[in-house]
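Same chain, two partners: chain A is paired with chain B first, then with chain C.
Then we have the complex of A and B:
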């Protein structure tokens, strides 16, 4: 029968607007977390796609499964195998989900226009696998349950499984669902492969159990035992892969960097940004010399977008569209601790962060406008007053407040505007 | 080429037996399956359709045994099956339903769609091709069911009580259509209707509690007496299944 004829009666036609509306809603709330790399965009789209479309596809699958059961397809002694019969009914739903993911990418394309790179196919493949698995579970449930029961059960149940684990303090659960991809990853991190494998294993087992229930369910106890055993076996394999992970499933990136040398200092960028190596070196090497001279810190041998120890190597970033001031500002503030110490109430060290950022950025050569915009006028005022003092006093001020940022027993000094 | 049941044993539950060592050959042409309720007519058709498989023995047609996985698809492609209750896929039109049935029987989509109209013409439903199946009467639905068995041009068509519950006019119309279909396919029909058996079928099988009481030409059954062919058949049938005349 012509495709449009088959589509006309498919549940996918009714489900598609809901999928897209919910996808836009979820994506709209998440797009602010978009980082300057395609992995982040891929994770954002796949995460929103799985959460928005997984439950709707599962519910549509339950409807279609019930429809096929009511039509007693097996009773017509078909020549086509059950898997093909199911696939023919499932493709409009899965096609709708794939179109939704593609649409989400197109929406993000404008924001990612200047960003080099491509979407991560493995993350996308796992997202589609998760949606496929839940769609098949829907078909399997639909075969045995009335749509009035099966459709809401799958809609709510799938949504809870995908969304609720993020609220649990037991982190590993969220890494199994397919929606825990969350807001991974900054440019210097990548998605934890263990989490990706775990999600793929769980989704494959769900899909396998659903197929078994669809094709051979109700025949023997052995089949039902197999249906129950598949997810359990998957859990036994997948849980150890994610058990020790924290809330975010990310690990430092280990790609080879693209490096060049200028005035005896090695400058390294991520490969996709390699075209800006010359610009980066021209910008950060003089800035590093000024910083070293102003702060008294030893000049590093390496300035890199990759891992850095803060002593022999400093960290910086050249995000797409960043100008010289942005790059210098990033280099300067990378000398400050990334996270505050764990102190009790009353810790005042955080007050030093903005003035120190402003002072470091101005010392490195960043423009006053950029610094003022990023740190605020009060911090800029403190930094400018400090810069007016003799170099040795500036160094003492810097070192004391740097200690205040990283220890609980040291209060910051002279960080308030007059 | 007959469909043969070679030493078939079957029961729905452990310990129960519908057939024990059934030996039967259904010849080409039009065959009626007669028997009281529970005699095994539907079960026999389900075995022939490959919806069920015998626990012992085998069903064979053209050398194919549908219980064997490697033969099943080829066997099913040769057989059309219409159960008692026609349950169309919700949401489909009449033609879509028949086209889908053809696709399920292994036909390419386009071919199934093209032949669906011809099948509907055979059962005189072409004018309702674009109507939803849910809007059809019981008699029309039976004809949709018959069209589903015709769309893939099956060699053997199995119909389980196709006229049960139809009013006399619908039944007559259905018989006319079956007569046309029987001219080009091997037609096996289970029925309680003995009125026009002599005109509509070439051979008859009488089943009683899983045993074959009679299998042979309709004329052979009529030889058991009665003033009219219908009376003769009814008389013979009742004697065979031990019912009071």
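Then we have the complex of A and C:
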């Protein structure tokens, strides 16, 4: 049959606009939350793709499966194996999904133009596997259920499976579906490999059970037992991989860093940002010396984008497009606690965060414009008034307010009140 | 003495069996139980109307499954034979759908106090079934895909816009009268419209004007 005629008769033609519309819809509001790394872009595209295409491909599969069943394709003495028959009907649907994902990547590539790196192939492969699995499940359901039942149940059922676990307080369920909520990961983190394995295992089992149901279903009870056992076995393997995970699937990154030394201080960057090592070292080493002198903190031996303890090593970041002031601001604010203490209502320590950030950044040598833009005019004013005081008073103010940020029983104070 | 069924009674029983009436009403009962048990559990849905995902109660979604089973049963059977049958097959189908919708409404009214989204769920059942009957005028096998697609579109585009408007009724938790307009109109149109004739430009061509017999 001519290819265009084959395509015209496929449910993919009707499903494709829905997939694309939903994909644009899901992606549209999320691009602004992208982190400055390609893993985050890959997770966003794959997550939007799975949520937009999984249900539609499953419903289209149910339609095509029912169509093939009504045509009694598998009846009599077939000349083609069932898998080949299914593949011919499935490829327009899966081709549409792949084209949609490719389009989404091209759109994101424009937004990520300045970011070094490439899409993460493993995250993308698992997303495609999840879409394939649900398409095959659609075909298997379509073989036995009328499209009046199969199409809406697959469309809404798959959508519920992908979307609903996000509302559950039992976090591990969400890591099995393949819809990764559109977010992961910050540059110093990577996608939890256990979650990726679990999603791949569940999707493979679903695809295997669906293929078994399509090719051999209805013959013997043993086949049906196999169809039921596959997802159960997958759950038994996959659930322990994700059972202890929290709401997000990110874990600290353990890649080797690219390091260089300047004035006795080691400066380290993530490998994809290694080209800016000289710039980073020239910027942060003098800033660290100024910070150490101004705050009384000991000078670290290492300044790094990777893990740092805040004493012998300080943390900073050189995101794509960042200038010297941005880098210095990041280095300065990394000295503040990352998380607030667990206090009851009425904790006033948070009021110290912006003035301390402004004072640290100015002490490190960041420009007034950048500091004012990031911390606000009031915090900048407090920091400037503090900088006008003698160094010992400034240090006392810094230490008191640093304690206020990490304890529940200490209120922040102005430098004049100390 | 054993009651002997009349011909009409046997015909209706056969019709009910062919049209899976028992399965349809069982699905309705299961759906009602689910709405009562987990109807308030919410599903996060991406929404164009707000930045955060909208929370849609399961009670608004469950009726779609019951409606699909009902429509599958109502439109089962040999359509060509029923079209020329001596028995009023179409009236039977209309009765089955109206009875199912009425049962859902009564259940919703009876449990309005105890089940928060009972009436909204009943409205959605009426609406989904109505849309399916309208779509069946065009293509029977696609009938239930239309309400499913409409539901998802309404949740994406309309959820979170406050009290809701006339068109996003599948995502509206209140059962105020405006949200009943489309469901009731769709059901009325779907049950009374001409079979196989959807009055849209892309519908099948109507036959030419009738020629009156000359006296």
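Simple rule for what comes next: the second predicted complex is superposed on the first by the 411 of 418 C-alpha atoms of A that agree within 3 Å, B and C clash if a C-alpha of one lies under 4 Å from a C-alpha of the other, contacts with A are read in each partner's own complex, and residues count from 1 in each chain.
As a working rule, a contact is a pair of C-beta atoms (placed from the backbone, for glycine too) under 8 Å apart; a residue touches a chain by one contact, two chains touch by 3 or more.
The shown structure was predicted, so the numbers you read here are calculated from the model rather than taken from an experiment.
Aligning the two structures on chain A places chain B and chain C next to each other without any clash. Between the C-alpha centres of chain B and chain C, as viewed from that of chain A, the superposed structures give an angle of 50°, to the nearest 10. Using the contact criterion defined above for the overlaid structures, shared-chain residue A:358 touches neither chain B nor chain C, since it reaches no partner. By the touch criterion defined above, A:104 reaches neither chain B nor chain C. In the superposed model, A:5 makes contact with chain B only, not with chain C. With both structures placed on the common chain, the touch criterion links A:68 to chain B but leaves chain C unconnected. When the two complexes are overlaid on their common chain A, residue A:79 makes contact with chain B while staying clear of chain C.
For the pair chain B and chain C, the minimum alpha-carbon spacing after aligning on chain A is 11 Å. Residues of chain A that lie in the contact sets of both chain B and chain C are absent, per the superposition on chain A. Contact residues of chain A toward chain C in the complex are 18, 22, 25-26, 29, 51, 59, 63, 66, 146-149, 151-153, 155-156, 159-160, 163-164, 166-167. Across the complex, chain C meets chain A through its residues 41-46, 48, 51, 53, 55, 61, 64-65, 68-69, 71-72, 75-76, 140-145, 147-149, 151-152, 156. Listing the residues of chain B that touch chain A in their complex gives 49-51, 73, 76-77, 79, 81, 83, 87-92, 96, 99-101, 103-106, 109, 112-113, 116, 148. Contact residues of chain A toward chain B in the complex are 1-2, 5-6, 8-9, 67-68, 70-73, 75-80, 85, 88.
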